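A short write-up of the structure that comes next.
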């Protein structure tokens, strides 16, 4: 059984994480980790409930979201519909009261339905390390994952999110309407100049070993008017870019196919 | 007996336990609290098919909070059993705790009893088992192909052997081959169902509590208290009167709580330690260890006349029993006896086989043997209707069994009301039936 | 995106009691000094309402108020044998045992009442409200409580009854399968409308209507509860549930409710049902049983509806979205080739 | 790692309990305080049978560390019947046959209470979403949804609170 440590400051927490390395796991809402707690022997659980990370601070141009903010609080605090939709797709109401923004970003596939929304919205992640604070784009964070597992960057303390520029949409393909794992989850944020897409961020989870942005799909729509041909090209590019897993919910075959379908559907909403 | 004569039968009087449920005051087996209660966790096979080379329990015994470790050597009575042995079903094929071999992933090998559920779990995780893996077989037809390894010596070709050396539960009624020869159409198809978990909200479990008098009280959520008690006694070689089983309020069953899966080892642990012992399946065990509904594969061949009469039906079924028999031979007999569904067909041939594979043993679930039969037959009926271009409602009504008909298992039909049920459903669906079909009744062939 | 609709139905029968019989249930009933009755059994209530139904049957036979019946069950020290709660056997087997026990207890009760009323027991009748009177002479009446008091403290008699219901075992002929497998058959016909998204393969069950024929219903609300719950489980079996999604492969292996998919409330359509009553010859007051059959109609009805919607031939469950897409792909390939 | 003493308020009563390391709130409620309405259907956060209110919010007690509930106000189903009178929400469950085996009921009622406390007049869809973390294997959900609809109606008729 691991030992629970509940540091009282961010510095202390960052030190514990640095000291214990792979033996340490950060315990936030506990909705994923608590299941694995008893079946593991040894190690440390580092609780983040005493670190004051449970607030959302509004900035003029966006929000600073504490990593331990529960999903139900995020939904009330940040009125971006694509992000609010994401918070409703993770477990039932009890889970949404417990699971945190930061914790969900570390969820193993096919879980982690918040990530595509934050990838599409261009969030930045701030980590506390033993050597001080470091900021990373969320796509760089996911680029650092190996074998479906996150890098050990330090303690995620907050998520910086700018006000929505352009239009964003979010869809989860799942076997049931509520409280169920993703087949594939897609979010996109598109900026248009006149009728032409000037910038696009298209992000996926469930479809790959970890959440990711999909540059090939983005390139397919940038410069287009989001016409059917561009959307089809983006959908095909996304299908080609992912390496989905097979699990009890869906096979890799079905996940890849739904990647295309749902990239298409999300972009159609934004067209 | 007409309804008018009845008083409280037929009336909606509520349900007795509902207020207790709504208040959270219903007592389930694990809602009794005993001081100094121990917890049992099982070390299970990691391999679907392997010889056991070595079992080392020393680290488990030394694990903090572990009180007792039980292997097959500790079993005072039977080493293998079958729940229906008392009514002559055999052979007893399933180890209580595996000894020489494991035949499915999840098979119990060593029970570890600890001061807490966590101590027992941690101890069970420290049991070391060395395996010599064997090739596994997972598909029912492959298992019977002659190419597959035999799981046990009882069944050389991996199928159950019914009395008189029959490979299947059989129905032989009329002459199907002659029926096919006379038929205008032959309609064939293959059907497959999946293993399904009963998934009661409350997992299998029990608490065995030694009394001071040499008796042991078992709080259990079994669906059959006497059956569970008598089998527990038989397995452990105890006089049944030494055991008192208490139950009756269960958090869902659906056929998932008939296996006597937790009681014998819990009673043994309580006898060994003199303390109350609780053994509750985790949800993971409930999903992958407890019996599932059997998966079935069926091949149906029908001979059909142009006017819609089905004149012959031949069915070959494979019930995937998993590694051991449990109640599968019963399930296949029920399956065969149910054929050919609610229809009167003059020529019926059924072979319903129980097949052993390296999958978790399957067992009963809501509609044992019948659900798969109904599924396949009703899909087949639609295919027949489409093949001959007949309204599927009319096809069913034309062939529906009537009172007085001889069924394929040679019992004269009684209490039939299939025709009336289909007619009422057609009305509910807004499906118009011709006058002659509306006039049909379940009594229109009965000699009066 | 194309959504197409289809309808399907299925007709099913279901046997009551364990296959081939030989599955007894016994019942003991005794009267307390206060005039209540305790029905002692070993049958297990799984939530279907066994205690309620057996109390109704006991009250009916005894001719006393339902509220005066206590059902005490599932203690092997006190409860007489019951084979178990499965095979749709409780209403029929346990119900018949209760009828028999209650008949014997009623006889004992009327004998004591006869002594009190100075009348022959055959001339007495119960009013179901706790009174016993001479047939046609309502004012010559004694309460069940008075009878209980007199039996216990005046005459020193027990008012009790024993019941044992057994359908004798009928072995199956190994060659022909000849046997007497069941006590009676119940019937159902379920009609389903589905909508299928041909891009995702997802199925929505829009509507489910059923007609059931279960003999005399003992408690129609509880029958409906089984039908509605079974309709939902049928959707689960038809579209979602499996412990082995890669069957016959053993992996992937769902171990939790996230991965073992069942429909939620959001996947449950409006379910309507109509119940016909053709009393069974052998059943208690004509009852048959409804516990198990309730998934059997919905499953094939749903698959028939999907095949109807898509003009494909799917013959396996669960019909996952992938099964549907592969069937559609094959159909397209055949049309193209 | 040592046992710890924690204090919390459960169903309005102050409790001091000794907990083992990594004990869950469910362990404290079920095993220590013997509040057995709290069920343990999976221990994985997947069934909702252990749902309770923590400081008024719906939580899964199986995934909540007891240590982190220190100082919290916890309400279990038993807490709804402080005066022993059945509350309208429970009554609606009874009248609508919203339970069969009853094992999911405590969690289901608590999820419904959390929903009605936040949204006294939910639509059918909002009820379905509000109960989406709670499983039932017996009823097919329809009677449960109807019970919550009836409870909401009763509450709006009387102006009472859910419980």
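Things to note:
Going by the order they are written in, the chains are A, B, C and D; count residues from 1 in each one.
In this section, a contact is a pair of C-beta atoms (placed from the backbone, for glycine too) under 8 Å apart; a residue touches a chain by one contact, two chains touch by 3 or more.
Since the structure is predicted, the reported quantities are computational estimates derived from the model, not experimental observations.
Common neighbours of chain C and chain D, listed by label, are A, B. Chain centres were defined as the mean of their Cα atoms; on that basis the chain farthest from chain A turns out to be C. Centrality annotation: B (chain centre taken as mean Cα position, compared with the mean over all protein Cα atoms). Chain geometry summary: the mean Cα position of chain B and that of chain D are 34 Å apart. Look at where the CA atoms of chain A average out and do the same for chain D: the two points lie 30 Å apart. Work out the mean CA point of chain A and of chain B, and you get 43 Å between them. Per-chain Cα centroids separate chain B from chain C by 18 Å.
In chain C, the positions touching at least two other chains are 46-47, 49, 221-222, 225, 230, 233, 253-254, 256-258, 260, 262, 264, 266. Counting only residues that touch two or more partner chains, chain A has 1, 38, 177-179. Multi-chain contact residues of chain B (touching two or more other chains): 14-15, 17, 118, 199, 250-254, 283. Taken chain by chain, the contacts link every pair, so each chain touches all the others. Residues 42, 44, 46-47, 97, 99-103, 127-129, 131-132, 135, 137-145 of chain D are the ones touching chain C in the complex. Interface residues of chain B, counted against chain C in their complex, comprise 1, 3, 6-17, 48, 87, 105, 138-140, 162-164, 166, 169-173, 189-197, 199, 222-227, 229, 243-255, 258, 283-284, 287-288, 292, 295, 320, 330, 333-334, 336-338, 341-342, 350, 357-360, 364, 366-371, 374-379, 381-383, 392-393, 396, 400-401, 408-411, 413-418, 420-422, 424-425, 428-429.
Residue ranges on chain A touching chain B, taken from their complex, read 1, 38-39, 41.
Listed in rising order, the residues of chain D touching chain B in the complex are 20, 22, 31, 34, 36-44, 46-47, 49, 76-78, 80-81, 86, 90-91, 93-94, 97-106, 109, 135-138. If you check the complex, the residues on chain B that touch chain D are 14-15, 17-28, 30-31, 33, 116, 118, 199-203, 250-254, 282-283.
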